[in-house]
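Read the structure below first, then the notes.
Naming follows writing order (A, B and C), and every chain is counted from residue 1.
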Amino acid sequence: MPKTPTSQSKSANAETVAFRGGGFAPRPIGLVGAMVFVFLIAFWEWGSRVGWISQLVLPAPSEAFAAFQELVVSGLLWKHVSASVTRLVTGWISGTVLGLLVGLSIGLFSLARAGLVPLVSAMFPIPKIAMLPLFIIWFGIGEGSKVATILFGTFFPTIITVYGGVDNVDRNLIRMGQSFGLTWFSIVRKIIIPGALPAILSGARISASIAIILLVAAEMIGAEFGIGAYILLAGSLMATDQLIAGVALLSMLGLTVGWLIGKAEKYFLNWRA
Amino acid sequence: MRGQSLKRRSVLGFAAGFMAIAIGGEVALAADKINVGALRFTSHSASFVAFEREYFKNNNLDVTFKFFQAAQPMAVAIASGDVHVGVTAISGGLINLAKKGAIKVVGGALHEEKGIDGQMILVSKKAYDAGVTSPDKLKGRTYGITQAGSSFHYMAHKIAQKEGFPGSEIKVKPLQKVGAIIGALKSGQIDAWSIVPHIAKALSKGPAVVSIGKITDYIPDYQVTTVFTSAKNASQNRDLVKRFLAAFSKGAADFNAALVDKTAGAEEAEKMVKLIHKYVYTSRPYAKAAPSIRNGAMRINKNAALNVTNVRDQLQWFQSEGLVGKDVTIDMLVDKSFVRTY
Amino acid sequence: MDLRLEGISHNYGSLKVLEGINLAIEHGKILCVVGPSGCGKSTLLRLIGGLERPSAGQVMQIGEAPSDSLNPLTYIFQDFALLPWRTVAGNVNLVLEDQKLSRQRRKDILENVLERTKLSDFADALPRQLSGGMKQRVAIARALAVSPAVFLMDEPLSALDSQTRELLIEDLVDLWTREPFTAVYVTHNLAEAVRLGHSVAVFSRRPGQIRQVVKIGTPLADRKVTDPELIDRQDYLWRLMKDEALAADLELSDA
């Protein structure tokens, strides 16, 4: 009887070495994320329909969607979104620009570092919500205090990521610049800032999220329109369907901002592998 | 397999948690232990008196106070069953909870009465100097409120209504917290506000705030706060609710006699202030707290009677502002079977 | 332009790294510096180029730098030091942007150096797309762009694999043969030293001192890997260094 190769191996007391190198390597699986969303919402809707989830506890997704449609139909959606986005953009941009300036000075000048780092560490953890009453006095109940809340919320984390980014710029590149006789300004502009850009952009991702979180707090003060004001009103009226619609709106805002920053990273950091 | 069953169990646990909240974890306790929601305001004194003078105990109720910072969470706590009875103003949230069949108003508490110091209309010095010397001049002015649909919002609109201009002509500014409103008023960032007398009197003594009128002139017999409980208690635990109202009324009677009508004599008034000081302004020394407590004394409805006429007016106002649905009826909100209504 | 090191000593805190270095760097010649690790040879290079100040002694420049030299003392680094966000052309341009040059002149220089380093076709590539050898050729192109009087090369081929290294040695020999340049070439690789050095300075271990300066007479273009004379020179250098290297290897490094 002719022996097959396997039986031959068997007789030679040989076995395939067992594979044990799998796992621990995340790989992208398409659509699963979306399916989890769809499944959860369907489950939630079903639970509400059969009365398994009380309306008091959690409104059905369809009710939240109806509340959202109401917003669209009444034309209020645009008013709320534009008011919030205006505040977000002004607050975030001014906070980021100021944070960039301060963060760069800390990264570049020892005196600024010695003087400002302890100050930043002391002020960063102060909850901006706790400062609201003072913000009202300082900046008024108009747009000032709302923008200020977001500004302060994004200012400190930006400082920290910027000077951290500057610190992490390859010193050899800076030496190289000096060895070729580049001016100080050229070194900052052409070596340090682009080198710190990855850190600055991931900092922007975080500060933008913080800005959205602070939106609700910012719109606590005298805001008639705005997603945060809408959520607050829904909360005080126990209109939970509107509450969920408003929160979903914030989520969508977050997704949009994340997507935009992803685009910016692709554009500015195309030199990275 | 094991992972799967674990997952399933946690899903079930999650669901069970939901159910517990939904049904209301309110198992009737043997010795009628109940949680009463309260704010540390003088207007909640009837409950404090009933507790301290054992009126609750005499009605076979073992009361524990749960203190809240604002009316809104108290309403939610009643809906969830964590608190059995509460006293607070009628708000949009309260009405919506009533609409969802969670809570019912069963009696009256604080109300405005002509001749007794009630809520006052205040303006900043800046606005006063600019000519806002009486409430009819509030047209086009800013007015501080905590949230849309709060009692402050209602008062602002009632002033406008009586003075003959649309409510939208008063620009209400939601500032969430009383403290924030006070700050904004003092610094002149809002023009006007209305508030209970002890806060109003203290503020108008200062240089930055001027009092220009009384709410009672605009909303006579304003039912400021009401007693409310879960809908389930109102329908299935009627005896318990009745006993609570009886004790509460007795406390209210003592309070009215001592501090509102002042018929019980100075000694009793002093005792009453001391009793209340155990709960209100506890961080201040007695000598400082006493005037505020006395100033804050407003009528609490006798026998917890309820001014349904005014409650209906409030409900209609909420509806006209689009803050609650048009389909909410007064019967969804109020159970009139416990106390005298008018 | 020649350079002369006069009594250079250097220390980091209490740690002496260089002691009493006297060395002449002749115009148009490549001086290789070899020595065991930690002998201060890279430090010496930084001192020569003015990136660090010696604790004692001085670096003298004898004669004027040629007038067309934009950056007389120019480094080539072991890690290439290319800006990853700039293309090949961009990296070369970087060192020209601060110079007062006409746009046309800049363009001419760029084309010229890319041509000399055989990079003309890769002007728009980003560093991450290049192999190690290509990256170092970009760095060489960048250095050539400022027409240095002296190249200061800090182990320029150490980060490369041996085949690439061989190719680049040939490139460097080629460049020198076409247009002789002055260079201080720091390496720990004796084979590189004997292939590229007109003279080789052998350093002792820390604190670095010059043990001997070995001259190699064979013209650069004629040196072959298998040349018996070169093998002999390399062997001679190794014997000079071996004991030092052994001792250096046993030292605890808490510098």
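One rule holds in what follows: contacts are C-beta pairs under 8 Å (C-beta built on N, C-alpha and C of every residue); 3 or more make two chains touch, one makes a residue touch a chain.
The structure presented is a predicted model; accordingly, all values stated were derived computationally and were not measured.
**Student:** Work through the pairs of chains, note which ones touch, and then classify the graph as line, ring, star, complete or other.
**Tutor:** Basically the chains just string along in a line.
**Student:** Taking all protein C-alpha atoms shown, work out their mean, then name the chain whose own C-alpha mean is nearest to it.
**Tutor:** A
**Student:** Of every pair of chains, which is linked by the largest number of C-beta contacts?
**Tutor:** Going pair by pair, the biggest contact count turns up for A-B.
**Student:** Report the chain whose mean Cα position is at the greatest distance from that of chain A.
**Tutor:** The most distant chain relative to chain A turns out to be C.
**Student:** Averaging over Cα atoms per chain, report the distance between chain B and chain C in Å.
**Tutor:** Going by mean C-alpha positions, chain B sits 84 Å from chain C.
**Student:** Would you mind pulling out the distance in Å between where the CA atoms of chain A average out and where those of chain B do?
**Tutor:** The computed centroid separation for chain A versus chain B comes out at 39 Å.
**Student:** Just the number, please: Cα centre separation of chain A and chain C in whole Å.
**Tutor:** Averaging C-alpha atoms per chain gives centres 47 Å apart.
**Student:** What part of chain B is in contact with chain A in the complex they form?
**Tutor:** 15, 18-19, 21-23, 72, 75-76, 79, 91-94, 96-97, 100-102, 147-150, 173-177, 179-180, 183-184, 187, 189-190, 323-324
**Student:** Per the contact definition, I'd like the list of chain A residues that touch chain C in the complex.
**Tutor:** 170, 172-173, 175-183, 186, 190-191, 194, 197, 269, 271-273
**Student:** Provide the residue numbers of chain C that touch chain A in the complex, in ascending order.
**Tutor:** 49, 51, 70-71, 73-75, 77, 79, 81, 83-86, 94-95, 97-98, 126-128, 142, 146
**Student:** In their shared complex, at which residues does chain A touch chain B?
**Tutor:** These residues of chain A touch chain B: 47, 52-58, 132-133, 136-137, 140-141, 220-224, 229, 232-233, 235-239.
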